[in-house]
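Each of the two complexes below includes chain A, the first together with chain B, the second together with chain C.
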Partner chain A sequence: MTASRNALYGALLLLPAAVLLWVFTYQPILATLGNSLYSTPRGRRASVFVGLDHYQTMIADPVFWKALTNNAIYALTTIPLSMALALAMALFVNAKLRGQGLVRMAYFTPTVLPMVAVANIWMFFYAPDYGLVDQVLGLFGGGGNNLLGSKETALGALIVITIWKEAGFFMIFYLAALQQISPTLIEAAELEGASRRQIFRRVTLPLLMPTTLFISINAVIGAVRLVDHVIAMTKGGPDNATVLLLFYVYQVGFAFWDTGYAAALTAVLLVMLALIALFQFGYADKRVHYR
Partner chain B sequence: MSVQLRTPSLTLLVTLGAWLLAIIWVSPLLYAVWTAFHPPAYAARFELFAPLTLDNFARVWNAAPFARYFLNTFMLVTLILVCQFVVCTMAAYAFVCFPFRGSNVLFMIVLLQLMIMPEVLLVENYRTLSKLGLLDTITGMALPYLASAFGIFLFRQTFKSVPKELEEAARLEGAGPIQVLLRVFVPIAKPTYVAYGLVTVSYHWNNFLWPLVVSNSVQTRPITVGLQVFATVEQGIDWSLVTAATMLSVAPLLIAFLIFQRQFVQSFVRAGIR
Partner chain C sequence: MADIRVENLVKSWGGLRAVDDISFDTRAGEFVALLGPSGCGKSTTLRLIAGLDAVSAGRVVLAGRDVTALPASKRNLSMVFQSYALFPHLNVAENVTFGLSVRGVPKAGQAARLKHVADLLGLAALLDRRPSQLSGGQQQRVALGRALIAETPICLLDEPLSNLDAQLRSEMRNEIRSLQQRLGITMVFVTHDQTEAMSMADRVILMRQGRIEQNGAPADLYEKPASVTVAKFIGTPPMNILALDAREGGAVIAGSAGPAVGPAGGRPVVLGIRPEHVALGSGGLPATVETTEYFGADSIIACRAGSQRVLVRMPGKPSLDKGTAVHLSWPRAAAHIFDQETGLRRDAA
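Moving on, here comes the complex of A and B:
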């Protein structure tokens, strides 16, 4: 087949995807960057070019910094903890125990629930006096806690929920990876007299590195993308203790209707995601492909 | 690799640990299930012989148009699934069988969407939908997701593994490009379609933020947004109702998951490993 016919068929087949991706991914990326330099149109006042005004506002905006720190804390706790738990779960399930199927189901079920439903389940679980958490705390003489309502504990409460929902999802990837490790490798290590701990550290863990990278990229995207529980449980409160970046974008864009500022905030998110992508393609891929 | 735990005491320890974690993991869910199936008097109290009831579900069903919400979700998910299959199949086929100069670069650009998903761009996408006059429609809710980089990537990987001979044999028999696609590539990729289908159905059944922004009426609201609207009104007043509504809204997917557990897990792995 000739090159020009290839190009024609290729172009026709790609057309729907190209149009959709342009309109809903690439065009909005460019428009976000552009609109972040314009004021928000209000009533009869059209938007005017304001240069970097929005970014100056952002630097002076304590809520933005709060959202940024919250998001950093949120990512740096949920990601390692849920991945460590996921690995533990995978090792448990892989160890061929009694009731293995039930255990795996228990770990994985939260994953298929929508975050909004998870939020409702946990709101009840956390509820002061009613919830199981508070009842258990009450046994130790510390009842009457409003975990979601106090500044000190609200973000932690959301972190726990995220770990609960994500760990089981990550577990299945570790489980699949564990099942692909050849038993001869383990046997060889045993013949050499390696202890179980040595085998885990020197054989199993390195072989799980590609999976770990894959999961961590997914986890990072999740930590940026998923704010359903913030909307359903705390609305960013109390006193902005649970504001995450995308939630702040949503709030500025659809509660305050300040679309210009929302565009600037989105631009920051885009830059962060781009940096993560560069890290993945450049640095991390090289470190992991040792085989 | 199956780990042989030779010492009985270690086996016991691991079993206990696994079960303890499992019990902790399901307890929030079971606590909500308990409350949903018991009269409000037993909302947070355990009594083994407390009377079971479906009353909470009846009250929820009558208090909000959940049937309509389910229908909306069903229409949304079906629309997205069918269109994604068509759009992503076509694009993947083009990348594998009709490469042209620059098509590899184009593919890399497509992959950008793996990182920057439509949710992140919700302010601009909202503006676009309002220009198109598609706010508060199910079509509008679906549009940003119809071309999925993940789907294109996954189908491309599968299509690349199809032997060239099969493709050429079909062509020698006089099949055109579309027939080759439908008779050779699509049948071979069936497991990938099942895997991708399950992943995308559970993603969009559970999706919340974008539908929340776009939908504004009972006629378009999917179940996740409907649940949120219901729970916000009822919040903190009647936990029996909130938990019953939550259980009701997760029931279809949860039951499907419990029945097809193995397929679900395998699909997620198959879609993720590539």
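Moving on, here comes the complex of A and C:
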């Protein structure tokens, strides 16, 4: 068979995947970028080219900035905390203990539940007065809170749910990585006189770095992508205290029907994610892989 | 300098006794080889001495101190793992100095000792490389370097040469042996290669099924094997073990008409004779040649005498065709008598 024939077969085999990717991923991205430069069509008024108008609106839009700050707080708390919790849980269930399988499953359950179901469960936990959280707080004389209803605590309440849900998922990756580490390495470190803490810091943790990078990418995506619970629980309120970027896009696009502006917001979101991914793959990846 | 004493050591996994009540001790600065077939408990014994596994019964005493209850990190010994166990995320220098660094030895001291060890093992040009960028032999030397830099008085090695080619293996044998002698380290060296054990060790402990078959100098194992098992394990090719038929004037090789080669009467025995001690001549045991294998310096000739097969080692390349009638003889002192039932050596031959 000639080389050109081979190339043709190769191209044909790739075609279905390429078509799907183009139709459902790349074309919409380009269309979104394009739409962000046009005004939103309303009634008889067709959309017209408005250049960077939407982006100027965005800079002047306090809700956009609020969403950006909220999302930053949300990401900077949920990502490290859920990852640390995941690692702690993985270390715990990786150790020899009774009912190991049961504990692992218990930790993983939140991941399996759909976010809307999770939201329902936590609505009950967070309910003022009779909710679980408030009752516990009541024991210490701090009851009567509307955790989801007040500006100060609403975002925090959502952050807790996200950590609870994501940690179990990340734990699975850490657990798999821990089981990949050869026990002989740990024994060698022990023989060299390393304490358990030193073994963790100098052997286990560095060997987990590739997994940590992988999880952190997932966590960043999750911090932007997961908004089901915002929609189900707070709708961005009270007073925009829980507006996250993607939720704002959803609101602008599907509640206010300002599709042009929503496209511009989406474009900004895309660029930010792309920059983070570039950093993670381009810079961190080189420092983390040791093979 | 420290000695090792192992008393009635037992390790069982479920029902299996991987190490079954073994005791031995070593002098300080001695090089001891643990030899035996696969699965006989060599690695387990080493791991018990190192403290990587907990003993089921018995004691481990290092330099006069009972360490049975101490964790590995407190036993002040080093170990070379069969798989090297190098840290993949650290370079050669960091791997070698890992132990010094966790023990808080100052950087300057670490560097001086690293230089010393690197020169000794020819690692100086490799210090910045990661283990994945090293050949098997180089990784081996790094593992050895990590064990030696700590200058612990006791060093345990678990088949450290098994992955090397013949050339590198013999180089490393010499290197390890001379280092051990120069630094006066007590070494326990696990191997299932008898040549390695015989050529390197001051003493060989031969194990089988979790027990010690014989513990002695290499020459003892060769010249006075304590049992048929030892006799068959040591030597290439191993000792001929020949069944005997009892006769009035002394036992003869089974199925042959004589001459008498064993004691008359008493418990049934078998005769052991090394291929290198058998000579072809005009007198002695009649036999026919079956095959000849040529190895360069010598040849191994398989003969049939009575119902038994006898291997004979001869220098050079004798021209003996299949079916040639020959006579086999050996000096009386070269014959070993073992109890047929227990396999144990019977000295009053």
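A few comments on the model shown:
Basically, the second predicted complex is superposed on the first by the 290 of 291 C-alpha atoms of A that agree within 3 Å, B and C clash if a C-alpha of one lies under 4 Å from a C-alpha of the other, contacts with A are read in each partner's own complex, and residues count from 1 in each chain.
In this text, a contact is a pair of C-beta atoms (placed from the backbone, for glycine too) under 8 Å apart; a residue touches a chain by one contact, two chains touch by 3 or more.
Nothing here was measured: the structure is a model prediction, and the numbers come from that model.
Three-chain overlay on chain A, with chain B and chain C fitting side by side and no clash. Of the two partner chains placed by the overlay, neither chain B nor chain C lies in contact with A:T153.
Rounded to the nearest 10, the angle made at the CA centre of chain A by the CA centres of chain B and chain C in the overlaid structures is 80 degrees.
In the superposition on chain A, A:F254 contacts chain B only, with no contact to chain C. Of the two partner chains placed by the overlay, neither chain B nor chain C lies in contact with A:S47.
Contacts of A:T77 after superposition: neither chain B nor chain C is touched. Contact comparison for chain A: of chain B and chain C, B touches the greater number of residues.
Contact with neither chain B nor chain C is seen for A:T57 once the two complexes are overlaid on the shared chain.
When both complexes are overlaid on chain A, the residue A:S182 reaches chain B and chain C alike. After superposing the two complexes on their shared chain, the closest approach between C-alpha atoms of chain B and chain C is 8 Å.
Residues 182, 185 of chain A touch chain B in one complex and chain C in the other.
Those residues of chain B that touch chain A in the shared complex are 1-3, 5, 11, 14-15, 17-19, 21-23, 25-29, 31-32, 35, 43-44, 86-88, 90-91, 93-95, 97-101, 103, 106, 109-110, 112-113, 115-128, 143-144, 146-147, 149, 152, 177, 202, 205-209, 212-213, 224-225, 227-228, 231, 235-236, 239, 242-243, 245-246, 249-250, 253-254, 257-258, 261, 264-265, 268-269, 272-273. Chain C meets chain A in the complex at residues 50, 52, 71-73, 77-79, 81, 83, 85, 87-89, 98-99, 102-103, 130, 132, 146, 150.
Across the complex, chain A meets chain B through its residues 3, 6-7, 9-11, 13-14, 16-18, 20-21, 23-29, 31-32, 35, 85, 88-89, 91-99, 102-110, 112-117, 120-125, 127, 129-132, 135, 164, 168-169, 172-173, 175-176, 178-183, 185-186, 204, 214, 218, 221, 224-225, 227-228, 231-232, 246, 249-250, 253-254, 259, 262-263, 266, 269-270, 273-274, 276-277. Taken together, the chain A residues at the contact with chain C in this complex read 182, 184-185, 187-195, 198, 202-203, 206-207, 209, 290-291.
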